[in-house]
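Following this message is one structure expressed as structure tokens.
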Amino acid sequence: MTTLADQPVTASNESFKLSMLLNDTRYRSLTFQFIALVAIIAFMAFVGGNLVRNLTEAGLNISYAFLGEPSGYDINQRPIEYDSQSSHGRAAVVGLLNTLIVAFLACVTATIFGVIAGVLRLSNNWIVSKLMSFYVEIFRNVPVLIWILIIFSVMINVAPSPRDFRGDDAVASMWLFDSIAVTNRGVYLPKPVMGDGSMIVLAVFALSVIGIFAFRNYARKQLFDHGRMVPVFWPSIGLFFIPAILTQFVLGNPITLSYPSLQGFNFRGGITILGSLIALWFALAIYTGAFIAENVRAGIQAISKGQTEAAAALGLRPNRIMSLVVLPQALRVIIPPLISQYLNITKNSSLAIAVGYMDVTGTLGGITLLQTGRAIETILLLMAFYLTVSLLISFFMNVFNNRMKLQER
Amino acid sequence: ATLDEVKARGTLNCGVTTGVPGFAEPDANGVWQGFDVAVCRAVAAAVLSDPNAVEFVPTTGKTRFTALASGEIDMLARNTTWTFSRDVDLKFEFTGVNYYDGQGFMAPKDLGVTSAKELDGATVCIQTGTTTELNLADFFRANGISYEPVPIETGAEAVQQYNAGACDVYTTDASALAAQRANFEDPAAHVIMPEIISKEPLGPLVRHGDNEWADIVRWTLNALITAEELGVTSANLNELAAGSDNPEINRLLGTEGDLGGMLGLDADWAERAIGVAGNYGEIFEKNIGESTPIGLARGLNAQWTDGGLLYSPPFR
Amino acid sequence: MAEAAQMQVSDEVAITIQNMNKWYGTFHVLRDIDLTVQRGERIVICGPSGSGKSTLIRCINALEEHQAGSIEVDGTLLSSDLKNIDKIRSEVGMCFQHFNLFPHLTILENCTLAPIWVRKTPKKEAEETAMHFLEKVKIPDQASKYPGQLSGGQQQRVAIARSLCMRPRIMLFDEPTSALDPEMIKEVLDTMIELAEEGMTMLCVTHEMGFARQVANRVIFMDAGQIVEQNEPEAFFNNPQSDRTKLFLSQILGH
Amino acid sequence: MAEAAQMQVSDEVAITIQNMNKWYGTFHVLRDIDLTVQRGERIVICGPSGSGKSTLIRCINALEEHQAGSIEVDGTLLSSDLKNIDKIRSEVGMCFQHFNLFPHLTILENCTLAPIWVRKTPKKEAEETAMHFLEKVKIPDQASKYPGQLSGGQQQRVAIARSLCMRPRIMLFDEPTSALDPEMIKEVLDTMIELAEEGMTMLCVTHEMGFARQVANRVIFMDAGQIVEQNEPEAFFNNPQSDRTKLFLSQILGH
Amino acid sequence: MSDTQAQTVAFVRETEIPPSPPPIREAGAVKWVRENLFSGWFNTIMTLVALYIILRIVIGVFPWFFNGVWDAGSIRECRDILEGATGACFAVLVDRWDHLLFGFNYPQDAYWRPTLAFVLLILAAVPALFYMYVPSKFLIGTALYPFLAYWLLWGGTLWLPIAVLAAIILTGVVFRLVESMTVSTRTIVAGIVGLVAGVGLAYLLYLGAKELWFISTSIGTGGAFAGLMSLVFKAFSIFTYVFFIPMGIFVGYAIYQSASDGGLVTLVTSLLAIALMMLYAVGPVSGVLNGIIPIELAAVESRQMGGFMLCMMLGAVCVSLSIPLGIVLALGRQSSMPLIKGVCIVFIEFVRGVPLITLLFVANVMLAYFFPPGSGLDLFLRVVIMITMFSAAYIAEVIRGGLAALPKGQYEAADSLGLNYAQATRLIILPQALKISIPGIVNVAVGLFKDTTLVSVISMFDIVGMIRGPIQQSTDWISIYWEPYLFAATCFFIVCYSISQYSQWLERQLQTDHH
């Protein structure tokens, strides 16, 4: 029946009366919104007018010209090229990248800490579960700023300084056949130097990584098609290392390592991971890990006992119950709060300056602000940056939530 | 105008740091003490006849300029370096220099470094705040050597790092270096290097455009300096205020001429200012001098007559 | 119908429980349970709430440990040996009161999960079996939906199909209809009757007396953790021996 | 009994629905509904699931908007004018399938809430009225309990009492018994019969045919958003006219 | 049916089997250790690792802790006493105890006031926290507490908080009065109120329009963006010029019109009443009363507050302010009106997206520019505004969860009983939604309390600010590090841990509660 009657009719030919603006459900909400709009504009007028007047009175103007001027200061961690002659704008970008670096590292590590602690908290080993509760409670209930300060200080006092490596009676020594130096200024790792043919080794390595995925797929297919269980873990490990190492050996060591060594005041050569980065990274990770541990625990406990029992009654073994039944469901519960924790890490990384790590709050919102005195401009930029990051993260979270929504009637 | 506001309010709002040993710090009773603080008190005594009529407003490096610009404070007396852009671009008025500082380096003796120029590749702890990072960058750049900066917010944290060996050298204003070193467990194990890589004239500042107020602050500071030059001390102040043979002392202390009236104050404004804690030299000795735990020598801050830079324009 | 069903009872023993006792802490839930179930027998267990019915059948597939006595299923002694537990569980299907379907998997995946991972059945084969049993419980067209999209009766039938996919020799039902409305109860009972007619060994906790009369070989009445009375349905309902049973039946039938 | 009840129907019109149409998006749920209800009439609405029964009675009480046609309740035209909506809602009581009691308030508070806040009745008076109606539905002793502490049947009766406290002239019931078990159904139906005997105008969506026979003046059968047939109960059940009705009745009575 | 089978099957128990105690396999302690610590190789390894970690920590910290010096005047004296041994210098806590707790600036003879306020806070919190056990009349004490606490902390005349309280109570009376008026009386009130509100609004809007024009003329110089902004503001200004009179008339008329149902009139009258009283009555009345019967404490300015007390104050004030704001935001976000919903979403997402420390910078360096020149809001107030906004956004999200958890039937039932939006929200929806949200709100509160330490970055002397500023930078305690931080951590741990334990307890209570 595709008659006119299949479409809703909206026409209403009552005559309009002023009181309908208030009493008629159709106009009422429009009226309220109009009033709200006027109120917002009035508020803007108040705030904006004061701002303009105050700025004129102080003889200030809003200008972002300073971003193009040379910054004049150095930054200890430079993901992109930068020196003291670069502009403030570039310094801001360096800081921004530094923020993202530490936030990313801390997110990954916090997740690992959190998952381990959350699972161990449910362990039936009394001492371990109590230790984890202790960890969670002590970190959750003390401000993160204090933790950052304390952890940083512990690290610089516990790790040896480069001085301790010096001399014949050195108190400290490098790890793993003199290839890694752990100092309170940072960790120095060997850096690969690409010789001839190293591309082949890399290619083999890349292929073997792809191979691992292929192998896993194959194993799954074997199970699904022929009901044969192929072991996956050890072959994967082998596949990861053996082909690349063999090629390296066969081609006569095209990739060599340049080891860090103590030269002058510091270790040089190799890859440096700054101490302040490590401290902030670790502090944020261990602090947020405590919160994530709670989320993980709650997520696992949210899966009703019935699910485990049903799986057990079907004959599934405990590790399979975990991976096939409990975890897939628990993840739905765990991931949304997990993402908020990631947001928190990003925001808390703005405390970086307490350990001397030059994140965006340290460069743009710190030295640049200090040198140029452009408080309003820099703070607006800062807010815009953090806002963008969190909106992006929230966006991904919503996408995830929608995809993972349980099908219901 | 600021003067009227201050008088009407009955207190002087003076911006200070959140704490620099010897320069500005609240003691165990919460009373602000220190070298910068003394300037505030002197101004308060000159204007309001009461050295305690000061509301100390602690500011950080980031907040100090807005606090002054927005009128939250009447004057800023904290370690703020007098630079061109602050004076001109940020629209402030520096009213003089109460401490000639310069950025220096400190290193452990066993590092075997005697000059800052040997610091190629060193890790440097910088206490951020004023112009330190810029000076450092300029110095190393000018000498064509490299370094690893470690910016740190507070002196306490810098000392933590420095003592744990997380940095080879520690740089900040020489006065602060000396103060920190004096309180190390073994002060003798550390050397302050001869190079002073920057000029850091530290002084009080006020907002641009209110010249009457700027004059009051400027000449109060000058009164303290001149008093030392002329030998006016807290001990002989009362005696000299009754009149002396030196016409300049008389003009300073208001027994001759009407300098106070020109400032919009009364005749014995300077006497009150000096009466708070004595002249510049006395203030120096009491707060940061060699007899204190801070233990600073006069150095550049000696009177010009003693080979220093302190040179107050004449009271005439 | 009861006569017809009885025909298929064989002389082989499926489950032997001897002198089994269980405690929760110091609370004695099951006392001296002795029970032998023949292959193909269909047993209905009833009794007041809290009498230990659920606990009993949960002990049979090792969801709970018992502390004394022995349980033997298909000749395998239930001990704390994991191998035996696995063996028993793959032979005993269980159907819970609250279905306990896996909400993150489709109906088909619910049904093929255990065959693939426990029995290592090839996926294709597992899916065929699953569809077979889904047809049996009359919901093959729901196979690709998620549990949350089905009605209660349908969910319960999926739960039955899921256990059947493991081709168990013995099925345990724990009040399979008590969460359902009358219309759905009928659907589920029909499915169970069909199973019964095929000669499946069944232990079923239920208060559906109609079902008991129609299907069971034996009705067991439990109270306070003990088996108080057991008999053939006709005899049990028409001529209960123990006073406790009489009281219980008067309540349940009068309702 | 049906005759006795019929006595009280007056000639005044309580509800007039003319040519009413409603859409959800583009889905046409109600089509050309015409219905006149006299004061004191008791109407039972039945029909297959999804036929729009709930939607119809929710429109009468403005819980849903209709897009075409008119609904007039007690002489007040239901339009988007809030005043009219308020007026109608205070004259029409509604009783939901899932009770929708306010769990954070006691039974007494549930019943006095609307009289106090909407009718501005003094609290004391409102409580007296509430107790009166709670007595009427035979649960005066539960007045100070919370809804969570009552059984389903008791909750449903509280829901009825709650709407009665507003002294509505018209009561709408949406499957008031379908969430209940048989014993509780009886409790609720008894209460409704009592109300009917007092001459309350009632529209009731239900499949309880016993209730329809005993109480209704008229039975309305809906399908696919249309009123397919309406008649007096005897005639409706014994001699349905439309094929659709016959089919429906055969299912529902055969069950 | 064969007879034999019938016989084997029939079974009737003749005697009851008595319950017996469970079999005992192993003795208590040994069994416990075996089951909980060494029940498998994995468990055994974990136990050993855990024990090793604990041991290391204890060995590392023990001497430092127990060599602690408690009595010294400065860090130098401490060192002399220790003579090179490892040991803490807890003397700093003794020496600066008052500063750590109250800040260095709070008058020493008035320490009893915050202490008393703290004790009273605990007493006042009890009826709210344990509402299920404490008779609800004790909540009156909780409601009175803020006024008393204000007086204790800030000093001044007691009559001021009393006058404010009186104004609030009076407003309540006005509310009741207008609500219970007959329609004809209310029409008169509505007329007057409508006139006042209409004229007042029109005037405010007129000022706003002028202001907007002023903005547009003063930003329109540099560059395309500024030009565009200038145009936008011009448009706004014209919009407001066009609408200020109609708007005033309309709002006045609307208030007048709503006399019959009374909701709007009542609300506007009460708002008007409280605004007028706050502006014109509270100050003079309290002044006069204080003139007659002076009850005064020495006034303390908020910039003199500091130490842990400042954290507690900020925490308590901001949490209690942000709950109502959070409720409004949550309701706004659930609103069906796109504009209002949009504004709430933008606000919430904006505030949640920015670190608190940046917001605090805003409070410190920017907020002053947004107020009329010279109005000089004090820093404490600015910080309170920012933290309140911050936590309100989080609380709004928690409450939104609670609102979403309510079944739709509750809204429908309220509608069908004829309750209007305000009544339904206040009587039906919020009580239930808030109850669900309590644990979440408590979590936000704990987080907020911890975040109060961030005010140290804008030169306020909370406990961390106190340590990083005046203590570590004093001549006596120069660069002392561990001891004060340890103390601060302990303070926070005690408070936060108690709150989170409370929250868990409450969660359990709510679970077992009738629903």
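Side notes on the structure shown:
Every chain is named by a letter (A, B, C, D and E) in the order it is written, and numbering of its residues begins at 1.
As a convention for this text, contacts are C-beta pairs under 8 Å (C-beta built on N, C-alpha and C of every residue); 3 or more make two chains touch, one makes a residue touch a chain.
Since this is a predicted model, take the numbers as computed values, not measurements.
Considering every other chain in turn, the ones in contact with both chain B and chain C prove to be A, E.
The two chains most heavily joined by C-beta contacts are A-E. Ranked by how close its mean Cα position lies to the mean of all protein Cα atoms, the top chain is E. Taking the CA centroid of chain A as reference, the farthest chain centroid is that of D. One rotation lays the C-alpha atoms of chain C on chain D, and its angle is 165 degrees to the nearest 5. With each centre defined as the average position of its C-alpha atoms, the distance from chain C to chain E rounds to 54 Å. Centre-to-centre, using mean CA coordinates, chain A is 28 Å away from chain E.
Here the spacing of chain B and chain D, counted between their Cα centres, is 85 Å.
Mean C-alpha positions place chain C and chain D at a centre distance of 43 Å.
Shared interface positions of chain D, i.e. residues touching 2 or more other chains, are given as 83.
Looking at chain E, one finds that residues 361, 365, 368-369, 481 touch two or more other chains. Counting partners per residue, chain B has 62, 66, 70, 153, 160 as the residues that reach two or more other chains. Within the complex, the chain C residues that touch chain A are 61, 63, 86, 89-90, 92-94, 96, 98, 100-104, 113-114, 116-125, 145-146, 148-150, 162-163, 166. On chain D, the positions that touch chain A within their shared complex are 21, 23, 26, 28, 31-32, 67-68, 79-83, 85. Residues 223-229, 304, 306-307, 309-317, 320, 324-325, 328-329, 332, 406-409 of chain A are the ones that touch chain C when the two sit in their complex.
Across the interface of their complex, chain D is touched by residues 5-10, 14, 20, 23-26, 28 of chain A.
By the touch rule above, chain E contacts chain D in their complex via residues 180, 260-261, 407, 409-410, 412-413, 415-420, 423, 427-428, 431-432, 435, 514-515.
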